[in-house]
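Next come two complexes, and both contain subunit A; in the first it sits with subunit B, in the second with subunit C.
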Partner chain A sequence: MTEIQRGGTAIDELGPSTEGMDGSLLSVRDLQTHFFSREGVVKAVDGVSFDIKPGEILGIAGESGCGKSVTSQSILRILPKNGKIVGGEILFQNEDQIIDLATEDADGRVLRNIRGKDIAMIFQEPMSAFSPVHTVGDQIIETIRIHQEVSKEEAHDQAIEMLRRVGMPNPARNIDEYTFNLSGGMRQRAMVALSLSCRPKLLIADEPTTAVDVTIQAQMLELLRDIQADLGMAIIMITHDLGVIAELTDRVMIMYLGKEVEHGTVEDVFHRPQHPYTRGLLASIPKMDPGRVEIEPIEGVVPNPYAMPSGCKFHTRCPDFIEGVCERHEPPLTAVARGHEVSCFLYGGREALE
Partner chain B sequence: MTETTRETGMNERTIISVRNLAKYFPIESGFLRRQVGVVKAVDGVNFDLNEGETLALVGESGCGKTTTSHCIIQAQRPTAGQVLFRIGDAEPMDLTRMEKEELKEARRNIRMIYQDPYSSLNPRMTLLQIIGEPLVIHRMVESQDELQERVAELLRLVRLDPSTLNRYPHAFSGGQRQRIAIARALSLSPKVVIADEAVSALDVSVQAQILNLMKELQTQLGLTYLFVAHNLAVVKYEADRVAVMYAGKIVEIGETEELYTNPRHPYTEALISAAPNPDPDTKYRERIVLAGEVADPGNLPGGCAFHPRCRYAEDRCRQETPELIDVGEKEGQSHLAACHFAEKLELTGIAGAIQREERESA
Partner chain C sequence: MLIYILRRLLVMIPVTILISIIGFIIIQAPPGDFVSSYIAGLEAQGDIIEPELIDSLRARYGLGEPIYVQYFKWVSSFIEGDLGYSMIYREPVVDIIAQRLPSSFTISLLSLILVFVIGIPIGILSATKQYSLADYSFTVVGFLGVATPNFLLALVGLWLLFKWTGTVAIGLYSPEMQNAPFGLAKFIDLVGHIWLPALIVGTAGTAELIRTMRANLLDELPKQYVTVARARGVKPTKLLYKYPLRIAINPVISTVGWLLPVLVEGEVLVSLVLGLPTIAPVLLDSLMQQDMFLATSIIMILGILTLVGTLLSDILLAIVDPRIRGAV
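Take a look at the complex of A and B:
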C-alpha cells in the first residue's frame, strides 16, 4: 500500500500534469511507445492522447500496424521486451490518487495491484488468458484472493456468481472445468468472467470478437453491453472492425501509423467523417444495405514502419494531398465541432506554418 | 446441347454441377483406432455453378463450406456424390471418379486462392517461380524468356510492378501477396476460381482493393467464382448468388439481393441480423442473438440440425429433416430454403424495417 501512496505523491509533486484530469478515469497524454530492433526504431505509438471517463465506452480503431494494440499494452505495461514507453503520461485515477502508469515499474507492486483489479483486459484468443492445467474456477478464485481479502468459500461463491452473470449455462459445474473442455463461445465468456472478477474500473478489450463467428460475436457484444450497464465499468474497445465500434462504443479514436487522425462521438465520426483516412476507411467497407452499394478502396499500401513518410503519415495515400504542406509538416489536431477533432491540414493548422 | 448433357441434366450455363456431395470423416478412438462415430462435414450438398457468375458459400466455422470446395477440386475425395465439370461444349466429366493424372486437365481450369497469403506462398521462391510454377508443370511455356514474359504479364494483370519478378514474398504486404496468389491462380487461364476466405485476413482498405480487382478480372477474363466466406457484407458486395450452409448442408440458396432482403430460413435471418453494420444509428435496433453454438457435425441433433437454436422451432423440426424446397416468389429466379415453415414465416432481411412499414401502411 505504501508504494501506491508513494507513486501518487511522486506525481503530485510534479504539479501541472496532474491537474485537469477533469473527472477522467484514465488520461493518456502524448504517449510515445517505440520498438527497438536491429533494423531500427519503429514508432508504434507516436504522440497519442485521449481521456476516458468512468463508465464510458471508448473505441480505438485502425488497421494493422496503427498502434492500437500497443496503446493498450502500454497502459497495462505488458509490452514485449523490445518495446519501451519513451515519452508521455498515462494518468490513472485510483481512489483519490493519480498514478502515472507510464513511469511506474512494470513489474512493481503498484502495477501488479492495478492489473487485474482496477484495470483488466480481455484478449482475442481466450486460451491465452487461461492456464490449461488449472480449472476455470481455480483461476478466477486465485485472482479474487490476490486482490481481495476473502476466504476461499467466499471467493468460490463470487466466482460462481460471475460465471452466472456472463451467461455460462451451468456455473456450479463450469467452475470445475478446464478450458479445453469448453467450446469457443464458452471460453470467451469464462475469460470475461475472469477479467471482471475483481470488478475493475476499466476493461480493455483487445479484438475480443475477431476470431469468433458472427453469431458468437453478436452474443459477445450483447454480453459486454449488458455487463457494462450492470457493473458500470469503463471499456476501451480495440478493434479493426468499424461495425463493432458503431455497435458498442460512445466515442471513437481512429489511428493510422501510430498517430491519432480523428476522434469524436461515434455519430460524428461515422456520419460526418472529416479526415481523408476516416472517409476512406468508411467508404471501403461493404455495407449491409439493400441495393447495390459501391465500395471505394484507399489507394496504395501501408508504408513500411522502418521508413515512415515525413509530415502527415497518410500523405502518400491521401486523395486530398496538399503539395508543399502535407509531406513537410505534421498536422495539428484541430477541432471541427465540439468534441470532434481531426489532424489534417484541410481543417486548419496551415496559418501557423506561414 | 448434346444428348449427354441432356442426360446429366446440366443446364446450358452450368460449368460445375455438385450433386448429393457428401464427405464423412471417421471419429477414431483408443489404441486400435476403432471407429466410434462419424463427422458429417458435408452431407448431401447440391448446387450448380453457372458460367461467369459468382456464387458464395457462406456459413460459420465447421459448416462445411471449405470442405465442399476441397471436394470440388478433389483435394479431398468425397465420400459420395458427383462433381460434374464441363468445359465448353465437351461432355461433362465427373471429377470424383477421375484418377490423379486425368484430374490434371480439370485442375488446370479450376484454381484456388487461399485465406492466408503469408502461408500460401513459399518464402524461398521468387515471384517468377511462384507464379511461373503452374506454367512449368503444365508445360505451357517453352523457354525461360517466354516464362518471364508471361509472369510479367500476369503481374501487370493484378496491378503489380512487373519488374519485381525476382523478389521474394517477404518484400510484399498482405494485400500485395494476395495479388501474387491471384496471379498464380490465373497463370493457367482457368475457367473457375475458388476463393476460400481470400480477403478475410486483409485490412478493410486493402480488402476493398482485392474485392474490386477480383470483379475487374472476372469481367475482363470471363471468370466464374466460387467465393467461400463468412463475412456477409463482403459476400453481398461480391456475389450474384449465395448459398448459406449450416452443419454440412445448404439451408438456403438464392440470388443475393433477394436472399438478403427476403430471407426464408431462420438461420439466414439470424446471420443477417447479427452482422455488425458500421452505422451508429442501427446501434439500438433489435438484434436476433442466437443462443448456443454451431451444431457439432460429429453429433448432430435430430430433425433439422438448426432446431436447438431456432426461435421458431416446433415439434416437427425435432423429428423431420427439412428438404430444400423452392420458395421463390420472383419469376425466373430460383430461391430454395430447407425449413418446414419457409412458406409461413415472416422473416426480416436487411431492408426489414422498411418493408414491414410498407406492408403495414398498405
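Take a look at the complex of A and C:
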C-alpha cells in the first residue's frame, strides 16, 4: 500500500496527484518556488512538472536565471532563506512510501535522512563544496556515518573505496588531503565521491561542468556515465550547455523564466525542436563545420525578473509571436509526438481559448 | 612547523634589541632627568637642596654619563634580571611589578573571559538571526559599547553603584581588608569588588567581538560548503558549529595573542578612575616623572610580551587552519 506521508503522519486519503507515480522515482508536479525580497517577488520556478524513473538521466537546460538550479534546490529543500515553495508537489518514491518533499519540514528528520543518502547533489564549484579546514575524508566519512550505522574504520574503508571508484590516483593518501592540495580534476572527482558516498538513488548534478576547462569537463562526463552504469542511479543533469545534454542524457526539459517550454527525448528535442525558444537555443550553438557559419543569437534580452511578461513569457523575444494571443494567454503543454510536449500556441491550445 | 617557530624566534632577537633602543631613547628624549624633576618637586615644596646632594644622586644613577654608556649599563643589568631601582617609589622595579602583576593579571583575565563568554554567543546569535529584534538590539548595544570610552563607563558605574547601594567601589578590596593576609575572607571581598572593573574593562572588547563574530559568520554562512553539508544531511546545529564557526573564529584566534601585553598591563584610565592596583598607572607615573628604570623596564616587558603574543597567535592559527599550516 502506497501512502503519502506528511510531517510524519500518514494520510490514507490520497489526493488525485499521487496516482500513477507510474514507477517514477521522483515526480515533480506544478512546482512553484518564489523568492521574496524588498523589491518584490521573483517567480523563479512557476509551475514546472517532470518525472524521472530509476536509472534514467534527465537533462534540464536553459539560460541562467531560468530556474533550473532553483528547481534542484527545491527538491532537496536547500533553498536560500528568502526562497519558498508556494505550490506543487515533489513526490519521492522512498522504498514503499511516497514522500512529498515539498511539504516536509526543510531541516526535519525526514528530509535529512533523504539528503545525501537517497538524493545527493553535485555542485558547480568543487573547490568551495568542501570545507577548507576539514579533510576530504572527514566530510565523506561524516556523510557515511550520518546515514549508515557503521564504525569509523568501516566508514573510512568505504570512503577510500569510493575515492578509488571515482578514479582518485591514491585514495589512501587523498582521503587525508584538503581540497587546496588537490588539482581541479581531482577536486571534481572528490566531490563526486562525496555525493555518491551513500550510493543515492538520485543524483542531481547542478552545472558540474561549468567551472572547469574542457578536458576536465570531458573526464567528468565520462566519470558520471561510468558511475551511472555501475551504480544505476538516476541523474538529473542541470546545465546551460546543450552539448553536455546531448552527450549524457536520455530526456531533456528546456526551461525559460521558471516555465517548462519543451520536453522530450534528446533525439526529439535536438532533431525536431518545436518551440521557438528551443530552436533559438540550438541555432546559437557555434558549429564545428568548415567555413564561417554565422551563429544566430536569440533576439532581445532576458526580461527583468520583477517585471515578467504577461502570457507566454517568451513572447517579447519570439520570432513567431502571434499578436492578440501570446501576450494574453499562457500556452498549455501540447503533445506533438509521443513523449514530446511543447508549450506554444503554434502547436495548439488556441481552441481552448475561444 | 618547528623550523618556522625557530625562524620566528630568531627574528625576535633583533626586534627586541630594536625595541629596547627605541624605548630607551624615547624615555631619555625629554630635557632633564629624574633628578632635576625630583629637585623641582622638592623646591616647589619650599625645600632647599644642596648641590652636593644633587651630584651624589646623579652619580648614583649614572645620569652624567653619555647615553650609550647608560644604555649598555641598563641592558646588561636587565639581562641579568636586575631591572634597576625606581626613584619615585624608592623600591626595586622588580618588587613594584611583582606586587601589581597579580591584580593586573586577575582583572584582565577575568574581563577577557567575560569578553569571550558574552561576545562569541551573542555574535553567533546576531549572525544566525540576522535582522531580527535580538540582532538589532545587540547591534545598538554593541555600537554603544564600542563608542563609549571605558573610563566614562567606570565613572557611570561608580556613580550608579553608589546611588543604589551606597558602596564606593574603589580599589579591589574594602579598606579594612586592604592589609589583611590573603585568605577566604579576603577572597570573598575580592570577588565582591572585582566584577565591576572586569565588566567595564571588557565592555569595548565584548562589543567589538560581537561585531567581528557577526560579520565573520555572515561571510561564511552562505558559502557553498555549508549548503553542500546541508545537502548531505548534516544536522542544523552541526551545520553551524562544525563548519562556518570553525572558520569564522579564526580571526579571533589570530588576535588572541595580542592580548598578552594587555593582560599584564591593565587599562590605564579605568585603573585610575577605579583606583585599581594594576601596572598601567605605574607606567603613567613613571613616564610623567621620568622614572627611567621603571618606565623602560615596563615598556621592555610589554614589548617582549607583544612579540611572544604575536608568535603564539600565529602558532595557534597554524594549528587550527590547515591552509596556514600548509603555507608555513
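By definition in this document, the second predicted complex is superposed on the first by the 337 of 354 C-alpha atoms of A that agree within 3 Å, B and C clash if a C-alpha of one lies under 4 Å from a C-alpha of the other, contacts with A are read in each partner's own complex, and residues count from 1 in each chain.
One rule holds for everything that comes next: a residue touches a chain if its C-beta (ideal position, glycine included) is under 8 Å from a C-beta of that chain, and two chains touch if they have at least 3 such contacts.
Values in this document were obtained by computation on a predicted structure and should not be read as measured data.
Overlay on subunit A: subunit B and subunit C fit together in the combined arrangement. Residue contacts after overlaying the shared chain place A:D230 against neither subunit B nor subunit C. After overlaying the two complexes on the shared chain, residue contacts for A:E161 are found with neither subunit B nor subunit C. Between subunit B and subunit C, more residues of subunit A are touched by B. Of the two partner chains placed by superposition, only subunit B is touched by A:S183; subunit C is not. By the touch criterion stated above, A:E95 is placed in contact with neither subunit B nor subunit C. Of the two partner chains placed by the overlay, only subunit B lies in contact with A:D241; subunit C stays clear of it.
Of the two partner chains placed by superposition, only subunit C is touched by A:R112; subunit B is not. When both complexes are overlaid on chain A, the residue A:E125 reaches subunit C alone and has no touch with subunit B.
Taking the two complexes aligned on chain A, the least Cα distance separating subunit B from subunit C is 8 Å.
Across the superposed pair, subunit B and subunit C touch subunit A at no common residue. Residues 60-61, 173-176, 203-209, 211-212, 230-234, 236-238, 257, 260-261, 270-283, 287, 289-291, 293-294, 349-351, 354 of subunit B are the ones touching subunit A in the complex.
Within the complex formed with subunit C, the residues of subunit A that make contact are 76, 78, 80, 107, 112-117, 120-121, 123, 125, 128-135, 139, 142-143, 146-147, 178, 180-181, 194-195. Of all the residues in subunit C, the ones that touch subunit A in their complex are 222-225, 227-236, 242-243, 246-247, 320-323, 326.
Taken in their complex, subunit A has these residues touching subunit B: 63-64, 183-185, 213-219, 221-222, 240-248, 266-267, 270-271, 280-291, 293, 295-298, 301-302.
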